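Dropping the structure in here first, questions after.
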Amino acid sequence: MQLQLMTWPDVQAYLGRRTDIIIPIGSTEQHGPTGLVGTDALTAEAVARGLGEAVGAIVGPTLSVGMAHHHLAFTGTITLRPTTLIALVKDVVASLRRHGFRQVLFVNGHGGNIATVNVAFQELYAEASLAGEGAGVRCALVNWWDGSRVPALCREFYAGQDGSHATASEIAVTWALFPETAREGTAHEPPVAPSGKGWTDAGEYRRNYPDGRIGSNPGLATIEQGGRLLAAAVEDMAEKHAAFLKAGE
Amino acid sequence: MQLQLMTWPDVQAYLGRRTDIIIPIGSTEQHGPTGLVGTDALTAEAVARGLGEAVGAIVGPTLSVGMAHHHLAFTGTITLRPTTLIALVKDVVASLRRHGFRQVLFVNGHGGNIATVNVAFQELYAEASLAGEGAGVRCALVNWWDGSRVPALCREFYAGQDGSHATASEIAVTWALFPETAREGTAHEPPVAPSGKGWTDAGEYRRNYPDGRIGSNPGLATIEQGGRLLAAAVEDMAEKHAAFLKAGE
Amino acid sequence: MQLQLMTWPDVQAYLGRRTDIIIPIGSTEQHGPTGLVGTDALTAEAVARGLGEAVGAIVGPTLSVGMAHHHLAFTGTITLRPTTLIALVKDVVASLRRHGFRQVLFVNGHGGNIATVNVAFQELYAEASLAGEGAGVRCALVNWWDGSRVPALCREFYAGQDGSHATASEIAVTWALFPETAREGTAHEPPVAPSGKGWTDAGEYRRNYPDGRIGSNPGLATIEQGGRLLAAAVEDMAEKHAAFLKAGE
Amino acid sequence: MQLQLMTWPDVQAYLGRRTDIIIPIGSTEQHGPTGLVGTDALTAEAVARGLGEAVGAIVGPTLSVGMAHHHLAFTGTITLRPTTLIALVKDVVASLRRHGFRQVLFVNGHGGNIATVNVAFQELYAEASLAGEGAGVRCALVNWWDGSRVPALCREFYAGQDGSHATASEIAVTWALFPETAREGTAHEPPVAPSGKGWTDAGEYRRNYPDGRIGSNPGLATIEQGGRLLAAAVEDMAEKHAAFLKAGE
Amino acid sequence: MQLQLMTWPDVQAYLGRRTDIIIPIGSTEQHGPTGLVGTDALTAEAVARGLGEAVGAIVGPTLSVGMAHHHLAFTGTITLRPTTLIALVKDVVASLRRHGFRQVLFVNGHGGNIATVNVAFQELYAEASLAGEGAGVRCALVNWWDGSRVPALCREFYAGQDGSHATASEIAVTWALFPETAREGTAHEPPVAPSGKGWTDAGEYRRNYPDGRIGSNPGLATIEQGGRLLAAAVEDMAEKHAAFLKAGE
Amino acid sequence: MQLQLMTWPDVQAYLGRRTDIIIPIGSTEQHGPTGLVGTDALTAEAVARGLGEAVGAIVGPTLSVGMAHHHLAFTGTITLRPTTLIALVKDVVASLRRHGFRQVLFVNGHGGNIATVNVAFQELYAEASLAGEGAGVRCALVNWWDGSRVPALCREFYAGQDGSHATASEIAVTWALFPETAREGTAHEPPVAPSGKGWTDAGEYRRNYPDGRIGSNPGLATIEQGGRLLAAAVEDMAEKHAAFLKAGE
């Protein structure tokens, strides 16, 4: 169930039965020479919608722009300042809380969002704590690759060449979703991107990772893997979703 | 061309040829008993993508949550505070400017966004003016219904019953996009919603407009109309796009 | 009745009878070679005070600095960032609301303020909507030239040469108010300023409009016209004021 | 010379000769049973304009709303939050700096503004210091009663009954400016208001000072005194102005 | 009693008896060629702890970084923007208020903090005033050198050469606290630093005060004086503390 | 070397040799019935100072108040809102950067600070990335318990009863630092605190963890363990410090 495809009486009826909602959050940023700029938003959206179907929960609109300043030296990247993203997430959750949603699960597609989104939750909770009131809502962020099944498939498919940015696995998922964008078997140079160096600003990131990838070999990605990874991610997330609902009982 | 489905070298190549980009912006808010919560984002996205194809321009990610506090008394509505939306739009434009985009056209699906998004442009320009620098980018917002063709079709289809919120025309467009959500011919009570009263907060809006609609009769909407409206909107927007590019010459 | 010339018991007595107030808002910005920097504040103040007398309402202090960054390339212009003006208007309205004022009408003298001031109202309302509370106050902005009488006089006096910045009409009003500043019949070069181009930052504005005027011929302005325009504006605003009070019933 | 009554070429010519400007800043707040709500703005404006004439300097628009939350329990008071006033003053000074003004003197009519306006100056300077740049402008705030002549007259006129809010002297000045508002000889109860207690919020202020006055006996004020006080204040301020210009040499 | 060395049940028990707390606030900034960067924090902390012992009050954690941008041209200085310090102080006080602390006394070691910290109090109070609520807490700032005993000792020890930054007296106190840092009798050139000039940004401060001192002769400072000054400051502050508690009765 | 005990010429000389600095950051919050409110600041400060001595680096002032709203239902806790802490950390780092510090390592004593402090770094970097500039400084946060030696000792001393808040180990360290506060062998009920439940606001935290502890048995802590843990933490941090400096080469 997508919130965007429901009417308000539909949503009201849902809230008579249960009070959880799923929000996909991604990023719009470079993903190497063959990965899509929208990878993190597209994957998060697809996994979140699969999860929504699997557990019968509403899935809200995708927040497609995240905290990605370090990719700005690659054309096409769009970022929010962390404080902007905090304000955005706060307002979204405050809106949902007003309606009676009590559990808001963000399904995330971008590592760079994690700290900021969690801080947004704390900013909202802190207002309640300082006022001596209850927060009225419980939030959590889960990354779609953070279960048991997806990492197992990654080991099977990529044997240590999945990497940590512009990963073979996330690129495979986008190709499964948008086969017309697939560039299976494209050779990269070097095949496995460098890794292990940190960064501060966008310029330093690019100096360390000249084509944008970190530790990945997207040349290994296939559409077929993408389909299996997506299904596995949905199963993984269903476990996380159940744990999230249970945590607040 | 969707930014999300391009690689960063694709975007860089594009910027070698031209420097304009289209950003769809909508809202997530009630649209009456039969309209979709995502109407404003879904329509803006579809029109923007059609426009992108028509004029060969990149279309960025859809900003699906807008300034919609006055709809919060209807379940499912999500809003940003105006100042949050200002920060969001500023960061998006500042990111694009860094890459060399020089004309950013927001295709808008929600009247409630207009003032705030325009103020965001001014906030960005004001920083440049106070610093004695050039803004480096030109922005504009156009509503997808603000051409000549769409209003003409609305008069033909709805004869004064299109209304101003949860309009027959926007609902028709969403039904054309998502036929499985269509509720053609559903009777509303009253058929034409009331209109003419202002509002301040969400509670007052609901008191004035009990089912969420303003002045509209969505019972007149059909999938077939939606398709024609969408095509007309793309043509209208292509004219606006040309005028926008010309304005900065 | 000017708020500034009343005592607090006077204001309290007034609130026992009615709950509306008028706030003049203008700008401090260039108005071409012969127009006063304070034009927008002086005209708004004069019209607002005339309106206050006509309808028996309190007129608050004039907010003389507005959103005028695009005029900064001309000496003497002062601007607020839009977000500063939003904060300012919010605090003013919140103060008035605390006393029991329920209708706050801003009489505006500067087109550049319109979007920002309206966004300020929405920021205030949005806080109420997110909290599930009533806004407690209704606000509106009207431009003093937005009635029927003033445009009619402009057509009569200037025959299409009134323009849109440093207009003959607003300059005439200031000369009526401050005859010692009048420069009747001063020739401009060209007599009618250019128009039709947009702008982003202050530098671009000045490149497009080298002496600051847009489309106007202030050489047509006279003190006598100014007096008639002022009287007409007060009558126009009285109609707007009545409509504003009626809107909230 | 009032900035508001000059054209931009006038201001530009002035900047060819000298680079100082005077900004009146006041407040809109209760001044006891007989004092005007606008007292602090009206007095600051009058003194600033007198000063401007005396020293040949431009006087900018009056900032009529200040930091006055503690008076909000008396009807008619309008306040800015301190952080709003900081933003306002920063933008005003940044605008002036862009034109080449190098000395900005705020002539103040309200004790409650002092700390906040000075902090605004520091906020602007701190940005420069953190960036390793020069501030580009020197600011100062002077209270119109802070010379030698005004206190001497107050001792002569009021013999210890001038007080510290709704003072006899400031009320006398407003009556000299607006004789139609004068209530000479009105008895107060008690004649001399209480003093000596601090306050936090507006409610506490009113509990301590039930009619709004602190330590004053406005029953002693006369129009004639007001004229002499105003003249003395202008002379006092001319000394402050000279010292301010000299400080930056 | 230091808050940091208590358990929460200890604090709760204290609040059953009394509701005041002391917060030391200082700065981290240059103090001339021989003064410690931490002078303002170390002295405020020592005086506050002495005061806490003298009057049996809890002393909270030291806020060691203040508003010191004007010292940034000297290595080691750390500053907060004024608006950051306002937010910091507001949150600290709001936290204490939630527990039932009703009198918060800041013992200050840096003149540059005074305006900003007082504005922070007003920001908190203004929120209450605008909401029509009580502030719930009373705050004050006292400088440790602002009693009668410390100035008397300074006159005795330094005969007009104490100065106003990197003062002989504050340096003496730090040497008493950290004798291993003492540089008694170090000659300065000139022995008494210049004074009397204002400043805006850090660069101007350094041009006016090349070694960082203002008007002081730290060559006169001794460890022995420091001990006497510290004791005197504690006695002075005990008077201020009593007056502060009395002010709110 | 403590920054607070150095003069500015000392700091300048240091920067001629190396450009790293250590900043201790903690929290002021409840630590169960026997733990000190200042535990997180006191431990971070002690470890940071030990690290500074071990590696010859400057240690800045301790930031003693952190992000601790969830402990506000226990008396004595002080929190900053996350956005306040972000502003604070940004200003501290920006100040240090201006002097030429290029590596800033925060030694942290409170888990609740981690996300927020890291977001503050990103906020600073994002400004640089959006401006197309270099960040000019590299920052990292390390928790003092995050090496290899401290966890090993915890296993040896507490065999799974160290817990995650008000841990036996952190309490032991504070007792080693302040033996007069030690309450060795105090029985808790239950001896091992509950664990495993999340929380949102302070009220929920207290309902889940009634005496403030999570999973810990502070009854096992001793002064002697504290000394060994502190020494181990310094050794662990020296490894982290070396890795941090190496990461930016």
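When the chains are written out, they are named A, B, C, D, E and F in that same order, and each has its own residue count from 1.
The rule is short, and it goes like this: a contact is a pair of C-beta atoms (placed from the backbone, for glycine too) under 8 Å apart; a residue touches a chain by one contact, two chains touch by 3 or more.
Remember, it's a predicted structure, so these values are computed and weren't measured experimentally.
Common neighbours of subunit B and subunit F under the contact rule above are A, D.
The contact pattern of D-E recurs in A-F, the pair among B-F, A-E or A-F where over half of the contact pairs coincide by residue number. Because subunit D and subunit E share one sequence, their contact can be compared position by position; here over half of the interface residue numbers appear on both sides. Contact count check for C-E and A-F (C-beta pairs in contact): higher for A-F. Our note on geometry: subunit B versus subunit C, Cα centroid distance of 30 Å, whole angstroms. Each chain gets a centre from the mean of its Cα atoms; for subunit C and subunit D, those two points are 25 Å apart.
Look at where the CA atoms of subunit D average out and do the same for subunit F: the two points lie 47 Å apart.
Annotation for subunit B: residues touching 2 or more other chains are 72, 79, 81, 83, 91, 95, 98, 130, 132.
If touching chains are joined by edges, the resulting network of the protein chains shown has some other shape, matching none of path, cycle, star or complete graph. The chain pairs satisfying the stated touch condition come to A-B, A-C, A-E, A-F, B-C, B-D, B-F, C-D, C-E, D-E, D-F, E-F. Every residue of subunit D that touches subunit B in the complex is listed here, in rising order: 91, 94-95, 98. Across the complex, subunit C is touched by residues 67, 69-70, 72-73, 79, 81-83, 86, 112, 114-116, 118-119, 121-123, 125-130, 132-135, 137-139, 197-198, 200-204, 247-248 of subunit B. Listing the residues of subunit B that touch subunit D in their complex gives 130, 132.
Against subunit F, in their complex, subunit E makes its touches with residues 2-12, 15, 28, 30-38, 41-42, 60-65, 72, 74-81, 83-84, 87-88, 90-92, 95-96, 98-100, 178, 181, 212.
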